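Listed next: structures, encoded as structure tokens.
Common to both upcoming complexes is chain A, partnered first by chain B, then by chain C.
And then the complex of A and B:
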């Protein structure tokens, strides 16, 4: 479960990238974030991941707050960027092994440190995400973008985090790879993972999402569930918001 | 958590290509310098043995006070294979009537303001090349990972930013430490095998301490590189910064201090001091050769005596007693006039050295942030090649000289040396021994083969000559010459606590600067844009 309350971010140059963003995703749902370039999607994801500090507001994942326990929150999230970059000198397997080794959840009061990645058979995970066997022990430098994406999702998988943050994961994937990736995401959702995904692909957003949100100027200006969207043209709605027709209508 | 990180970092470093280039270059340099210096050390050892043998022989064969020139010989310091430190004269000649001089080294040194030049030893390799090598490894360790994009994934793991910096630092540190440690200890094994007869516990102690210092040095530079890597997100730019910092640290700062700033600060005092020293030496020379009062001027008289002809025999040769008295006067004159001046000269020399030590200390404090300068001075202390050690050597030789004057060379022995027996000869008997050629040769050799003796013995006559010969033999038996004991300079053997006390202040500075750099680095990284 992810909850974002009044999250705002003003960059050093005064640019207000997030303006009191509020958002809630229930467990086991896919939430797709739509929005024009510069709407603040990546900023939101970056804040959740802890890459940049917010200027206000908070984020909760499974009752763990970003402001109170940023380190523990990181155990709860897995992140996959548009362009998965890995250690070039290592093979796909070695990369996965490294990230599996450091997925340890630090000890807290009453709990010992555990590593959820230990329960995975890494080779099997690599096969599951669709990596051909001959590439498993091949250097990353020989991988295509799609293959790197697969390693990326394998890394997210073995981290075994309940929350997945995907920033434009489909960009640059061929149709077959996109299809496979989509299937993988469905599988993850069925396993009970919560997924937040930013994308520019309206068709896929509508097809995959349990909830679709549109961001505009750092705010979530619209959320609609799958059932609400069934009879509507998401493309139309999106363009309306982007071109600020809706806002203008409201103002009039 | 740290162990897989570290393991990964080391593997990552091992797999990059530029590492091989730098490591190979460093190892080649290290091996070359080590071998060259080890060969050089072997030469020094041979030279030392020769010096000792020669000195022993000279002393054994010396029959005359003027021939006593024992030398204080410093054993070559085995650690100098790694670090030369300052140039120290290894042999200092001690003459009875002369100040302790090693004419070549001493005079040269006083004329030069800064006589240390960069020597190609292991310390130079470390401060000059290893620092560059470390910076070349670490310049992109943070921003490079950001540029590749792995930093983002890494930052979604429950990993404190300090741990990340620690991983990076330790990765570079362990890697470089290994590249240094392996050849270093291999070379120590080589030394142990090859020079086992000159090894002491001190050597191993110094070796370990030196190693420890290098580790601190590597730590400092690893942190410096990583700090620079955190300062900019562009690896190219941090490469330029690193190179600039390196040029600044190892070239610009030391050179500008040595050749621009320090001369301004110290030139006058040092010139004054060395001028004072030279004046004293000149004064001593004048006293010894020019200003000798006539009634004590036996040396000059004697000299003219043996090199002149009949003209001088009659006028200058004093009788047996008179000669002794004159010689005694000369000796007293030297004691009273010449020695004080030479002592002053020695003190002036010490003063110059002390000034230099002071300057070096100031330099160390000015460059407290520069580990290269610190490192050089620290290793000079450890290897026993610091300026303090030079002074210590000089003082030991002076003690030896004083011992000679006080005990070894007795007046009685001096006065009975064969040289003076020849003065007994009277000119009027010299004409009668022309046919005693063998006897003449015997005495001639005995007297050291001075030139105009031939004429002398042409005039002395057989009877007198035999008489004097017997006199000489009996004198020799009576005052069997006992040579002063000859002492070799013993290297000080530092205990651990001594070394530690000597360099504690610098160690503290070193460690503190590492800690400060560490704090600066991770604070910098806290604000680093990891996206």
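And then the complex of A and C:
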């Protein structure tokens, strides 16, 4: 379960990127964050992952607090970024093996149960995410963006963390890979994983999410459950918020 | 320390084309340096043997003319025995051999080789002191930026590793790679040298290990510097910084040291020094002339040695001005050395000189040895002359020129007795400092680089902790 309370981020230049964000995602649910560029989606994910420190608020994953135990919290998270690059002198398999290997390392002393022992057949995982066999032992430098994205997905899967943070995960995937990845996310959800995903893709958000949130100016301005969205036009709602923002900015 | 992360970093770097090229370059250079040093060693050995043979022949000959030549000429030679240290000779600024004009009591040093400055001579100093540091800088200047660009830094951090841990793994893997690219080629090069020259020296093997060990903090300095640069956002800026650092330490600092020292501690012109010499000579001549008159100014009573003593005294006074010139030059050289010691390359050179008894460090002891020998020879000559009133060894040069005039007059000018200790005129055992003093000297030279390492570690860690890795 993910719980975010009053999470804020103000940069040194005074820009308020995140303004008292509060949200809760229950175990086995997909929460999709929609929003224009600069709305604060990536900032929220960056803070949860520990890439940048918050200026206020806190995050809990399965009762572990970011402010109290950031290292342990990160062990509960698998992360997939929009642009997966990885070690270009390694093959796809070597990249996956490295991250699978380090997921066995206890992050902090006395927390040996932090990361589960590796239990995956890595070749099978790579096939499952749609990587063709002939590329498995090729250097990543020869991969297309979509193929690297698949390795990123495999890395996130193999970490076997209870919480998945996906920043524009469908970026670069071809329709077939997108479809397969979507199916994979459903499976993970059914396995009890909690998923927070940021995206610009309104249609996919509506299709996949148990809850959709729209962010604007660092705030979570709207949340709708799947049931609520069944009778509403998410595209229209989203555009309304964006336009409203434009009007507000013009008035200022 | 985690083996998986360390192995990952090492494997990545082993696959790096830059690393592979540098490794091949170093292997080639180490082998070439062994061949080049072996040739130098053989040449020096032949030269040393020729000098020694010539001296022994003169001693064995016992002919007075040979001895006269020995005493008249600049033939007190202080010669370093050739050693495998030629593998690690520094800039060829200082000689392996000096000769001393025997103008008793004032030695005038003629330093062989000082006029032929060879920069970037192919040897271990060039490889370990200059090239490898640069290579480590080039290898490490992408240490963080590459991981950041690849997104792996973000990915690693969600595995719960402290940032410091990632940094230290990077550092240790670079240092291990440094040893990989240095130790095996150096060892092969050393064995090749021993095979080519037919020599074997355990002492040198220890020194070899010591210098490799000492090169580690210098390499470490460049790795930390590279790592710090790798946290710069702009890739082009990072390249410019690397090039600047290289130029700064290798060219700007040594050249600036030269310019600054020449301004702060200038030398007189050679015309001015010659004028000083002439003045000193004439003043002394005037004093002797005033006291002894024609005994000095003409061929008068040469047999009492007054004329020889007078000219000797004039030479001695004039030679003192030469010492002023030497002192001025020495002071300027020391200043250049001290200023250029800002550069780690120069510090490493200085340390290598102490370990291998080379360069400026050795020159000081050669000069001390020469002075000691001259004092010893002078005392022995005084003692010999005191036993025979016609013996004028101390003023042999001048007395000898008078000898022919006196012979024509049918007089016996002075004793034909040879100097009794000709073996002292050839010195090949140059005693430097004991191990403890050397260790302290090395430690003092190491201290700045160790402190710099510490500062860079602190700055790198703090900067890395604050680094925006989004």
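We take it that the second predicted complex is superposed on the first by the 233 of 252 C-alpha atoms of A that agree within 3 Å, B and C clash if a C-alpha of one lies under 4 Å from a C-alpha of the other, contacts with A are read in each partner's own complex, and residues count from 1 in each chain.
The rule is short, and it goes like this: contacts are C-beta pairs under 8 Å (C-beta built on N, C-alpha and C of every residue); 3 or more make two chains touch, one makes a residue touch a chain.
Here the structure is a predicted model, which is why all the values come from computation and not from measurement.
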Combined model on chain A where chain B meets chain C, clash or fit: clash
Partner chain in contact with A:193 - chain B first, chain C second, else both or neither: neither
Partner chain(s) touched by A:41 [first = chain B, second = chain C, both, neither]: neither
First (chain B), second (chain C), both or neither touched by A:75: both
Partner chain(s) touched by A:101 [first = chain B, second = chain C, both, neither]: both
Stretch of chain B, among 348-356, 438-446 or 510-518, that runs into chain C once the two complexes are superposed: 510-518
Common ground on chain A, meaning residues reached by chain C in one complex and by chain B in the other: 46, 49-52, 71-72, 74-75, 77-79, 81, 83-90, 98-99, 101-103, 105, 155, 159
Of all residues in chain A, those that touch chain C in their complex: 42, 46, 49-52, 71-72, 74-75, 77-79, 81, 83-90, 98-99, 101-103, 105, 107-108, 114-115, 155, 159
Interface residues, chain C side, partner chain A - complex: 2, 4-5, 8, 11-12, 15-16, 149-152, 154-162, 468-470
Chain A residues within the chain B interface of the complex: 46, 49-52, 71-72, 74-75, 77-79, 81, 83-90, 98-99, 101-106, 152, 155, 159
Chain A contact footprint on chain B (complex, rising order): 1, 4-5, 8, 11-12, 15-16, 148-150, 152-160, 529-531
